[in-house]
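Please see the structure below; I have some questions.
Which chain is which? They are A, B, C and D, in the order written, and residues in each are numbered from 1.
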């Protein structure tokens, strides 16, 4: 051992042996889902009960959002210059930041702040805590991240996440806080600012016990397949160096179809 | 529609509606796995039968490899300068390229080349086709990507992938080709060059009908949670700007433990 | 010295001493230009005569090209999500590749190929060599990189680079080859495909003895200040997450003005 | 003009015309140095007097620092996987952040803070202002960025930058503040914490009127040629995927030599 010797708690590597957080990687294969491994790597433990299914649903919920997000446009712009897959993926990842994906982390912090009010006795109910927080943010002239959406007024992903959270018994503390904040936003401002998909994911990740610093990681992991699909489509179906209009595009994939029965 | 109007077949976005390749994203949540979505996005269709489980197992198989790979070292080096998560993730992705992760794609091409020999009548059996290919590469002084490993002589992930492929009825054509190539490598060189995890993944992705251009994407998608875990550990547990020794490190996470029964 | 001991010929670092390719860095400061250092680092030697001035002129020639290039759009798209300067710069760099900046390298190879014909006796004159090369590329249906431009029919940077090359006595071999290729393109196709700035830089870098593998590096080094200016302007003067139209923009900086006399 | 019409003050692009901040780019070539263009792009005006020479000296001062910095190690790690030049450069850029290069910006802010004390009457002399600032930072247990160096106790680049600043008449306000801070650090702590190259650059950039948000950009622009030299050396002279020891390396380039007389 030299002066620079260091330690890691993530994965043990030895000839013909890989231990992720103590579990044999070959034993995890076929038993644990990818979402389960995300949990094992980021939190240190496998999800219990149906929580692995919840994590997979969270990942699925933000797997792609068409050609509108800046990460997708940055990745398409990069690959249209002939840059290879890894460089185009990286360009997309570099556009996932505070204003794109970042609302999950910011919303988790507010849910924790609201929850702490209740635990510390600063508020006697979820409703009162939400009232205090909404008042505080409105007085500071700040918007609450995770509420309201430019395009979706009633995001179907939010409803589905909350429904799955209930059936998977994920917990209800932070989800009820999110709903209380939504009510207070309506009561105080008169404007409907519904919980958006970022807010719903934030509530679920809080229930699952993830640290807010993991939030943007979830978004990056989830979005990577979408970025890759756009990169390959751009490379295979478009002229190099075209001007990529950020608005004037249209979906011409398969029409709406029901899920296969055997899924 | 302006001059720059363009079309995409990936995801249709409209108010309160998201269609991925024709399926409602909220319907996919809770029904399809993340691996299923990777397939839907990269191939255009959901996996059938147990193929979604196979894809998840492939993703799990390369979710992390400790602190040895260059992508991990590049990501840790970047974050140790105080760079944010997305920048450190991008630095890791930029180190996934021809020699790191790239063997999957190269091996898929060789498996296809060998398979084409059989289909086109250039060889009368898998064994003969493998003989021709191994001879050709040896004469050119080239190594066969996907065979042999610096560290693992009997990679447990390879055996598990093939076992799962059998139980999930993924197909056997390309797996038998990979095994035949392994036999011919031994027969011709006298050296044991076992199918490594890249080779096993290559065979499985060929069976599942993925294009070789998707190979490195699978590796990036799979490795992202591992990269994030290393980035967060580096940021939270190490001094900024430390010299990161690429060899002199050690696993001190949980000791080997059995999987939870209810997984 | 351990097993991993390795050597580098670039910069020697010792307490209170920095030697770049053998020269004291503090002695270089104030004596050598930045262009001189680019030469010292990439070629191993300082430029002689006025060649350092030529390199600075090359760098100045491609320092920015407004909001039209994909590298600029990728960098602006990234920073509009709140990503920090280094991440936005990296996103821009990732969009400098084969079709954007890459023509310099491809053109250098063709200039070398044409020059080799003359040296090896495959052609008796610059004109004949150019004729052979243009014929070959036309028969293969390939365009000659470095000739023709989407926007500029008579690029003022080309004329200036050639004029400076003459006054700085940089050499004329490859410049005359480039001009001969331009004539042959006109003669064979009837179309005016003038040497563009990429072609002119290619010729100058060939005269200066740079390897084609350095070409894209020159472009990246030169363009970095432009990328930074766009990133800072986007961050300071635009709304986050705006849709960045790649065409519908306009210059409203200072009107055309003469250079200061004392420059 | 559509809804997304936008404006930029940097470069006007029209057929056969490029105006950078109002100056014709072809006129700038051969007249302005690259450092002059960095100033024009980042500050909006060309440098006056010898200030362009000062900027070039700043760029030269941090053009490379051997194989020790994390940006260099990240870039070498990336390229050793076979990733292309632009991806390896980006990996290096992503490792230029708060703790690597960032001290210039942090130091500029402290120099401004100290300067503001004098202007606002909070201190009656440079010495008193420096005393107040050093006291404040020491009480907060914070180190002053730009002072002290792991390796260099008497950085030759610092002395040279200050000497050039004097001969180029760049100004002396912020340089005298930096020197006063250095004296107070010695007086208060008994430890010699000399102005390092980051601190010296910070003082010079303050004199030249640059905004602190430009500081890291200067470092990236300056370091790019060094990163490229290391990337090309790694690619051309080393085995792919080698373990890159961050400490156990040695310079074996040309021995120390005098500058050419005609430089």
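As a working rule, contacts are C-beta pairs under 8 Å (C-beta built on N, C-alpha and C of every residue); 3 or more make two chains touch, one makes a residue touch a chain.
What you are looking at is a predicted structure, and each value in this text was computed from that prediction instead of being measured.
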| item | value |
| --- | --- |
| Centroid-based (C-alpha) most distant chain relative to chain A | C |
| Interface residue identity across copies chain B, chain C - same or different by half | same |
| For chain A paired with chain B, centre-to-centre distance based on mean C-alpha positions, whole Å | 23 |
| Gap in Å, rounded to a whole number, between the CA centres of chain D and chain A | 37 |
| Chain centre separation in whole Å, for chain D relative to chain B (CA means) | 41 |
| Sequence positions of chain B contacting 2 or more other chains | 2, 4, 83-84, 86-87, 90-91, 94, 96-97, 243-247 |
| Complex contacts: residues of chain A adjacent to chain B | 1-2, 4-13, 15-38, 41-42, 46, 48-49, 53, 56-57, 59-61, 63-68, 84-87, 89-91, 93-94, 96-97, 151-157, 159-161, 164, 213-214, 216-217, 220-222, 224-226, 228-230, 232-233, 238, 242-245, 248-257, 259-260, 262-263 |
| Footprint of chain B on chain D - complex, ascending | 2, 70-71, 73-74, 77-78, 80-84, 87-88, 90-91, 94-102, 240-241, 243-247 |
| Footprint of chain D on chain A - complex, ascending | 4, 83-84, 86-87, 90, 246-247 |
